[in-house]
Structures are given as C-alpha cells and as structure tokens.
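Structures incoming, each one as structure tokens.
In the two complexes that follow, chain A is the common piece, with chain B as its partner first and chain C second.
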Partner chain A sequence: MRPLWALVRKELASLFGAPTAYLTLTLVALVTALIFFDHLRLYNQILFIFATNTMGGFETDTIPDHVNLWDTVFLPVMETLGLTLVGAVPLVTMRVFAEERSRGTDELLVTSNLTPGQIVAGKFLATFAFVTLMMLVSFVYPATAIEQGGLGVLHLASVFVGLWLLALGLASIGLACSAFTSNQLVAAVSGWAVAFVMWDFSWANAFIGEGLAQLLNQLALQPRAIAIHPRYGAFAEGIVSLANVAYFLGLALVAAAVARFSFDLRRVNG
Partner chain B sequence: MSDAQPAIVARGLTRRFGPHLALDALDLEVPAQQTFGLLGANGAGKTTFIRLVTGFLLPSAGTLQVAGISPAEHPGAVQRQLGFVMETSRLYPELRVRSFLRFCGGTRNLGGDALEAAVDRVLERFQLGAVEGRLIGNLSKGFQQRVSLAQAFLHQPPLVIVDEPTGGLDPVQQREVQDVLRSLRGECTVLLCTHDLREAASLAARVAVLRAGRLVTEGPVSEVLAGDALALFRGEEGAA
Partner chain C sequence: MRELALVGFIALLSGLVSYYAIGELGTFSSVNLGLGALALAIAAALGLHRLRFTGGPLARRVIGRGLLGIALALAIAVGLERWAAWQGLTFDWTFEQRYDLSEAVQRKLAEICSGDEPLVALFYFDPEDPRKRATGLLLETLQRAGPCLEVRERRIEENLAEVDRYAVGSSNTVVFQLGDAFETVPRPMEGTIYEALYRLTSRGVATLAFLRGEGEGDPERTDGLGYSGLAAALTTEGYQERILVSASLSEVPEDVDALIVIAPERPLLPQTLDALQRYLESGGSLVALLEPGRESGIEGLLAGFGIEALDGLVVDPASAPVDEGVRGVNVLAFNYAAHPVTAGLNRSRMTYFPGVRPLHLRKPRVEDDVQRVVLSSHRGWVSEDLSWLARSTGLPASDGAQSDYQTLAAVGRYPRDGKETRLVVFGDADFASNRYLRALYDLDLVLNAVHWATQRESAITLRPKALRTSVQFPVPLTSSVQALYGVGLLLPELLLIAGGLVWLRRRRS
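Showing the complex of A and B:
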C-alpha cells in the first residue's frame, strides 16, 4: 500500500503545486454562486409579483404551490450544476494520465515498484479527493440556502450525494479518456464527448426504431438505463436509491478497468 | 545478482511496431558489475531494448532475462532490481527535490526512517543538499540529471539503466555527470545507452553497437572503438 499512497500524495502535491487547481476551485465556486443567486433572484421577483397589493399579498394564499424554493431554485440549479460539471470535470482530469505520457514520466512510474493497477488506483483516488473538495466548495451557497429554507438535512444530503457521485462518474470517464492519449486537449474533448453521449440516451431511440425500443424496454435494456441524467436527476429530487449509487460506483469501476487496460495496450503496441 | 551470471541475456529478441522492425533477433549478454555501453545512432533500437528490459514493452519474439527473470512475465520482480535514469526532461518540474525523492522512495516501498535515511544518503552522494528545497523545474539541467541519478539509487539496485545521461548538457555539466557515473564502477551493473562515442569510451568496459535494430558488434571498448567507430553507426562496408 505504501507505493500507492506515495503516488496519491505526489498527485495531490503536483495538483496543488500549480495554480490550475486553485483557479479551478475559484471558478467553480464563482459559477455555482452566480447560477444559484440568479435563480434565487428570479424566485424573489416571482414572489414579489404575487405579493403585490393588486394580487392580494401573501396573506390571501394567492401564491401557487409550484412557486416554492425547491421547484423554482434548487431543481433548476442542480440541473444547471450537473451540466456545468460535464463541462468542468474533464478539464480537471485531462492532464492526469496524458501529461505523464507527454512528459515521458509514465515510464518512471511503470518502472518503479508501482503496478499498473496501483497507478490507476492512485490517480483515481487523488482525482476523486480533488473533485470532492471541488463539490464541497461549490455546495456552500446552495447548502446554506437549503438550510435556511427549512428543507431539511436529508434533502440536503441527497442533493450533495447526487452531485458528488455525478462528479465522480464524470471524473472516471475523463480519467479513462486521459489514459489513452498524450494530448491533454484530446483527453478533454473525448471526455466531454463520452459524457455528453452518456448524459441522456433519448437520442438513441431515434436510431433504433420503435419496435426495437419496445423490445429493449420489455427486457429492461433501454439505452436510457445506462444514461447519467436520469440517475442524477433522482438525487436532485431527493430520492437516494441504492441502484443509482451502484450505477455511479459501477461507472467508476468500469472506467478504472478501461484505464488499467491502456497500460496493457501500451506494452503490446508501444 | 551474482558475478558469474550475466545481468541481462537477450536471445533472438525481436520487437516490431506495425511494419517497422525496431529490434531484429538481437543476441546480447550484459555482464554483471560492469558499465556496459549500448551505442547506436538515433533510431538504432537502444530505447526499445531498454523498454524491453524494464518490462515497459513486450517483445514480439525471442527471450530476455534480467538476473534470470523475464521482464515480460514478471515485470514487477525485474523492476525491483533496477534503477532507471531517464533524460532530464522526464521529471516533475512542479515538485521540490526532496519531495520528489521521497515520492520515488515511497514507490520503492521505503517508508519512515528508512526513507528519510535513503533520501539523505542520495542527497549527499549526488551533492544535492544545497538544492533539496528547490523546485526541480528551476534547477539547471546538470542538477536535474543528478536528481534523476539520485532517484535511481534510492533503493541501491544491482542494475542501473542510464539513458542518454548527458543529452542537452553543456560540457561542464557533461563532465560532472560523467564523473558521477565513473564513481559507480564496480558498485553495480550499469547499462549506459548513448550515441556519444567519447562518453562510452571513458565510462564503459564493454560496448555493443546497434544499427537498424541489429547487433553490429560487441566487445571490449578498446577494441570496438579502436577503428573508425562512426563507420559502425553508418553501416559502411567492412566497418563491423
């Protein structure tokens, strides 16, 4: 285990030894705050309109049920944050393996006492640690408001777990893409491409035809079953399902196995 | 690794990259406890041979044994026995010298007091004490090469592979690095890959010359480099 932890420490030192990490954390916190407060401003405006004298004010129950903090602020914020993560996370993961390849330091790692499995595990763990920090930073404003809005700690936990698992899933995709190239731009673009394709598989129904879609539906093999968005959306609605947690953990394991395979491929292909 | 057993034995070692034949049925023995020079022009197959020895690549055909172990089948067991000195550019410029050495020691399963002792030992041996707190990226190439040498000796391996150790260094830095390599004579087996004939002549006891993936000649440095050594690189008639 010692070589593995040495790698995790080195990865974190490399990450925080450059301004990119701090810039990313700042940008994520800033963008999250902007998205959140923009929706909060909109909510306040709607409330103000309903609360004017001409519409009867708060006391007369004129505010419709759908105008509430949850539906007007948190759900759309979580939706936008999810898409923001699809854009941001591959920028974090693009360098992890690709930079080692372009510098030639991957040879130093492989010829040390680290096994390819430990290299993959170390890099995944370090990236997950950074992504977790990124989520904690981005969650400060929504968390404060959820607490103030009286929506309860369980709702709060559900939303955070959903966002965190989404970020880990996207990071896993980005890392797997980074393991196959020495070009960071290629790693980022392929990370975006795979994440966007997997985001929502509704587009696939147009290609497979109604008959096949019905058959797959009966077999519970709909392409949408492996889509990211429906799984994440459930957390945003406050539903924590074991199947959805297993989905994101499975995604991370498959991505790690794919990244591990890149080392074998390199031994054969050069 | 005993003195009697060669450090590296290659038999019919072949490596293809698609249609390109990088190593063509190479037969070579690298004796233990000596500095062995592997010479050749760029593209001769030196780096491919190193990558096969370290287990970074798999051979297309033939066998290779490092201290009696196949790097293709047991890369971990071979890697535990070797130190690898790469070109200066292949380091982590964002890390400080001591942090980098701690990391390399950690990957070699060193920890606690043993790790600190190993780091202190190589810092002293390679005269890096004055720069231990500096970023590797801010060091001169000569110091960077010393850092690269230092990491390879943390676990005191019986075999050290040194790839183009003086590439890109000025004459003073080249001299410094060569002095360090000279001081290793008899301590361990050193496989020195270079295209610098003078460097090979001053450091190696025996040399082998590769050309287009084939072994051109092998023998004591005084015999191989006695004639027109450049002709061996170029493949001129009668040179081998």
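Showing the complex of A and C:
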C-alpha cells in the first residue's frame, strides 16, 4: 500500500504544484457563483412582477406554484452546474495519463515496483480527491444562498452527493480517455465526447420502437438506464438511491478497468 | 479502421448535437446516430479481428486478459447496480418527504393491483418543464408500490387529441385510467394522486345526509366558514351526499348510512328530534359536530345516548396561541385513545380545534360502549365564563377550576333493534370547516370518524397531505450580493492568488 499512497501524494503534489489546478478551481467557483446569483436575481424579479401585477403580496396564493426558490433557482442552477462539470472535469483529467506518456515518464512508473493496477488506482484516487475539493468549492455559494431560503439541509446534502458522484463519474470517463493517448487535447475532447454521448440516452428509444422499449422497460434494461443525467437528476430531486450510487461506482470501476487495459495494449504495441 | 472510427464518432456527435438542440429526433439526427453507431461497431469489429492476427500468442493472451478484466468489471458494475435496484433501498431527503408514500396510497395501489383492470398513468408534459423530473420520480415511486401501474409519457404537442379528450390544461398533468374511467390530475402530488385513485375506485359506496335548515354548517358554501371541502373529501372517499331539510323531516330515509349534523344555530323542531331519535334507535349512525354556546336540542338527544355536551369552553394551557387567538382556547390535541377513529394519530400528529366544548360520558345501558377518543392535555380545564375572550389575549385564569384531561370527541356503540347504532360527537365544528379542514390531521380525523360511523373501517387511514410547501418569498438581493462578495468572489480571488504564487515560484525555480 505504501507505494500506492506515495503515488497518490506525488500526483496531488504535481496537481497543486501547477497553476492549472488553481485556475480550474477559480473558474468553477466563479462560474457557479455567477450562475447562481443570476438565477436568484431573475427569481426575485419574477416574484416582484407577480406581486405587483396581482396586488397580492407574497403571502397569498397569487403566485404560481412553480415559481419558487427550489424550481426557479436551485434546480436550474444544478442542471447548469452538471453541464459545467461535463466541460470542466475533462480539463482536470486530460493530463493525468497523457502527460506521463508524452514525457515518457510512464515507462519509469511501469518499471517501478507498482503494478499497472496500482498505478491506475493511485491516479484515480488522486484525481477523485481533487474533484472532491472542486465540488466543495463550487457548492459553497449555492449552499450559503440556499441556506437563507430555509430549504432542507438533507435535500442540499442529497444534491451535493449527486454532484460529487457525477464529478467522480465524469472524472473516471476522462481518466480512461487520457490513458489511451499522449495528446492532452485528444484526451480532453474524447472525454467530453464520451460524457456527452452518455449524458442522456433517451434518443436510443426512437430506434427500438415503443413496443420493444416497453418490453425492455419491464426487464429494467431500457437504454436510458445507462444514461448519466437521469441518475444525477434523482439526487437533485432529493432522492438518494442505492442503485444510483452503485451506478456511479460501477462507472468508475469499468473506467478503471479500461484504463488498466491501456497498459496491456502498450505492452503489446510498444 | 481508424478513419472509419473517426467518421463514425463525428457522425454520432453530430446526431447528438442535433438531438439535444432540437429536443427530438429528426431525419438528420436519426441518420447520423444510426450511421455513426454502425461505423463505430464495424471499426471495433475490424480492430478486434486485426488483433487476432497481430503479435504472438503471448500478446494475444495479454490482450485477452485485459479484455476479460473489462468484461469482469462490467459484469460486476451491472450486477452491483441491478442488485442495488432490486434491494430498492432509497432515501427520501426532501424536506416534505415527497417520495415516501403514505400507507393510504400503498393500500389503494395494492387494492387496485389485486383487481383485473390495468391502471395506466398518462403523463403529459412539455419537455422544457422543470417539474417533469419530480413528477416522473413520483410516478416511478408509485410504480414500485403498485407494479400494475403502467406509466406512459406523452409530449403535449404530439398528442393534442388526447389533451383535448382528457381536458389536460397544462404541462405536468397526469391522467389515470382504470378501465373506462379516468381522472385528470393537474398538479400531480401524492395527495392529489391519492384522491384521483380513490375517485376511480370508490364510487357510491355509502350515502350520507347533511341536516340543513336551522343554521347548520353548509356543505355547499365555499368560503372559509363553509364545509364544501368536507363534502368534496367525502365524495372523493366514495360517498354520495344528500341534504335533509330539518323542518320537513318526519323520517330519516332508510338508505341513509349516516347523518351528519354540523352545529345548528337554532333549536330543531320537536318532530325533527323525534325522527332523529327513531333513526338512532333503529340502528342509524350520526356524526355530530357541536359548537360552544349553542343549544339546538340535539345535545339532549346525544345525552340520552350517554354523550353529554357541557357548557363552557375547554382551555388548554399546553396549546400555544394559534391564529391570533387567546392562548389555550384554540386547542392543539395530541392525546388520543386507541380507537379506529384515531388510528395512526399520536403525539406528533396533532389535530386542531379552534374553540371546543367539553363532553361528559356515561353508559346508558350495560351493553352500550361509550368511549372518549380525543382529549386535551392534562392541564386542560373548562371555563364557563366566556366574556374574557373579548378582553384578553393572554392565558385566562382558571379561578380554581380543576385541571384534567378534557374530552373533545367521543364515540358510542349501541346495540339497538338487532343492529348497531354508532355515534361520533365532536365538541367543535370549525375544525372541519374549509378554513381548518386541511390543518394538521383534522381531515383524517373527521373522515375516519365518518368511515367508522358507516362501518367502513377498512377505509380508515391517514391520507397524504395534498399540498406541497414551496418557498415563494424573495431572497433579499442585498444579502445575496453580500453573499456573492463574501463567498462567491472572495473564494475565487484567494484561489487565483494561490495559483499566481505557485506560478511565480515555478518560474523562479
């Protein structure tokens, strides 16, 4: 275990030794704060328009029920934040394996006393730690502002768990893509592409027809089951399901196996 | 092979961009997605085929082992997810426990699923509606509780004929179909869905009669003082309702399963009281809602059955001032006797009685059973002088009145004429008025009382709350700006400084 933790420490030191990590954290925190503030401003405006038009004030039933802090501010912000992560996380993961390859330092790693599985595990763990920090930073402003609105703490926790798992899932995809190339740009683009394809699989239903879709639905094998967005969406709605947690963990496991496979391919192809 | 994979990849992405942008699959996106997937599949097959012929047996073994590892990881991931889904372990972390189905809904779904007719939920929505996901999750939760429920998603703009047929007024509407019957639910929440399911399955199971004509509570009046909410809830629970005019009442019709009398303001005519007496002596059922300070003659009738309405008002110091009233007068009741009428109610499921008169019980005959079901706290006492109500908002002095559990509602069973007469008496009527019916568990208490009186104990349950709490007050912009400066901008600033320092240090070294 000691070499593994040494690798994790080295990866983290390498991440925080470069300004890119700070820049990414800054961007994520800034974008989240601005998106949230903008939605909050819009929400206040809508409320004032309804209250003015109806002469009702805020305590009557004159405001439509869908205009509320949760549906008008928090959920759209979380949706946008989810999509922001699809864009931001591959920027973090692109260098993890690809940089080692382009510099040739991966050869040193392979010849060390670390197995390919340990190398993959170490890099995944270090990236997960960074992504966790990124999520904490991005969540500070929404949590502070939502706390003023008196929404449930547990629901906030559910949203955070969802965002965190989404970030881990996206990081896993990005890492797997990074493991197959020495070009960081290719790693980032392929990470975006795979995450984009997996984001919502509803379109696949159009190819299989309603009858087959219903049959697959009954067998719990519908194409949508492998999509990321509905899984994350359930957390945003306050539902913490063991199946959705297992989905993201499974995604990380498969991505790690795929990244591990890249070492086998290198052994064969040289 | 690589060229084919690249082309397939770009085609797939183009199809997806088109799909996400338009929100539906047009010819462009369909062709691109189809051809892209096909090209990628062929490229993958060619790649695998080529691998077979490159390298020696050792290389093939290494590749095979790697692919086996991926397959194993995939199998573990799918198995883990399926196992977790099968376990069905789900936590509802919403503030209102929106996805924790009440016992009432679960029982209703089980009842429907035990029948032959399929239950279908047609979910009409606009793709951009943010409420779509929450409703979809609620329907999934209902499906877990009632596997016979089939959910069909319908985009409004693609199903205009159905929208017209089911009178779907807006996005986020669910139509429940059971056989030929259907119910449209415009604001699908657990409470409204429960009411729709009940209306679908329980039509005309019993007949209730409201006594009218001497200033009783009006089941057709829709303002806060009326009882239209109670009448609507009873219709939902399957009752047919009719009005009996007390002045012309000589006999209560035989098909009336229970009579409801809501606090008459004027005295009932002697022949009306006689008709009621005969009705009760022959095994009828009565639900009486009384009010402090009113004497209509029905109190004497009830006293004959061992439930005596005392003069005065219950004052319970354990109840905080509610609704700008005098402290202790608007009683929050949380003491219940074990009885079907109060099934499920406990110290955390309170009922609210805005001004209630006390009841005193005695047993008229040895075979009769009279029981109190809702009580004040042990600090409750009875004030016979009500003049202080106009003067004070503080807790009135008890002036030596004895504190004890005061009876706020009582029930009685009386074997009569080979049948069983059932009485439910409340010392208050306002608690079931439109203004207070949905407060706390008042609706459940009064509906369960009617179910018990009509001997429909199987329908007794605690209903899901129909309304969803939503935060609709503005978040002050000034405090938002302060939070933006304090957290939203300060944090990025600090991170940027840290990044800049790291960059400078790296340059120096």
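Throughout what follows, the second predicted complex is superposed on the first by the 258 of 270 C-alpha atoms of A that agree within 3 Å, B and C clash if a C-alpha of one lies under 4 Å from a C-alpha of the other, contacts with A are read in each partner's own complex, and residues count from 1 in each chain.
To be clear about the criterion, a contact is a pair of C-beta atoms (placed from the backbone, for glycine too) under 8 Å apart; a residue touches a chain by one contact, two chains touch by 3 or more.
Every value quoted in this text rests on a predicted model; they were computed, and no experiment measured them.
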Of chain C and chain B, partner touching more chain A residues:
C
With the two structures laid over each other on chain A, which partner does A:Pro3 touch: chain B (first), chain C (second), both, or neither?
first
Looking at the overlay, what does A:Leu253 touch: chain B (first), chain C (second), both, or neither?
second
For A:Gly17, decide between first (touching chain B), second (touching chain C), both and neither.
both
In the superposed arrangement, does A:Asp71 touch chain B (first), chain C (second), both or neither?
second
Once the structures are superposed on A, label A:Arg267 by its partner contacts, choosing first (chain B), second (chain C), both or neither.
both
First (chain B), second (chain C), both or neither: which does A:Leu109 touch?
first
So chain A touches chain B in one structure and chain C in the other; where do those two contact lists coincide?
17-18, 267-268
In the complex formed with chain A, which residues of chain B make contact?
15, 17, 51, 54-58, 76, 79-80, 82, 84, 86-87, 89-92, 94-95, 99, 102-111, 151
Which chain C residues qualify as touching chain A in the complex?
9, 12-13, 15-16, 19-20, 25, 29-30, 33-34, 54-55, 59, 62-63, 65-67, 69-70, 72-74, 76-78, 80-85, 87, 89-95, 98-99, 130-131, 133-134, 137, 187, 468, 470-475, 477, 479-481, 483-484, 486-489, 491-492, 495-496, 498-500, 502-503, 506
Contact set on chain A toward chain B in their complex:
2-3, 5-7, 9-10, 13-14, 17-18, 103-105, 107-115, 266-270
In the complex, chain A touches chain C at residues 16-19, 21-23, 25-27, 29-30, 32-34, 36-37, 40-41, 43-44, 47-48, 58, 63, 65-71, 75-76, 137, 140-141, 144-145, 148-152, 154-155, 157-158, 193, 196-197, 200, 203, 206-207, 220, 233-234, 236-243, 245-247, 249-251, 253-254, 256-258, 260-261, 264-265, 267-268
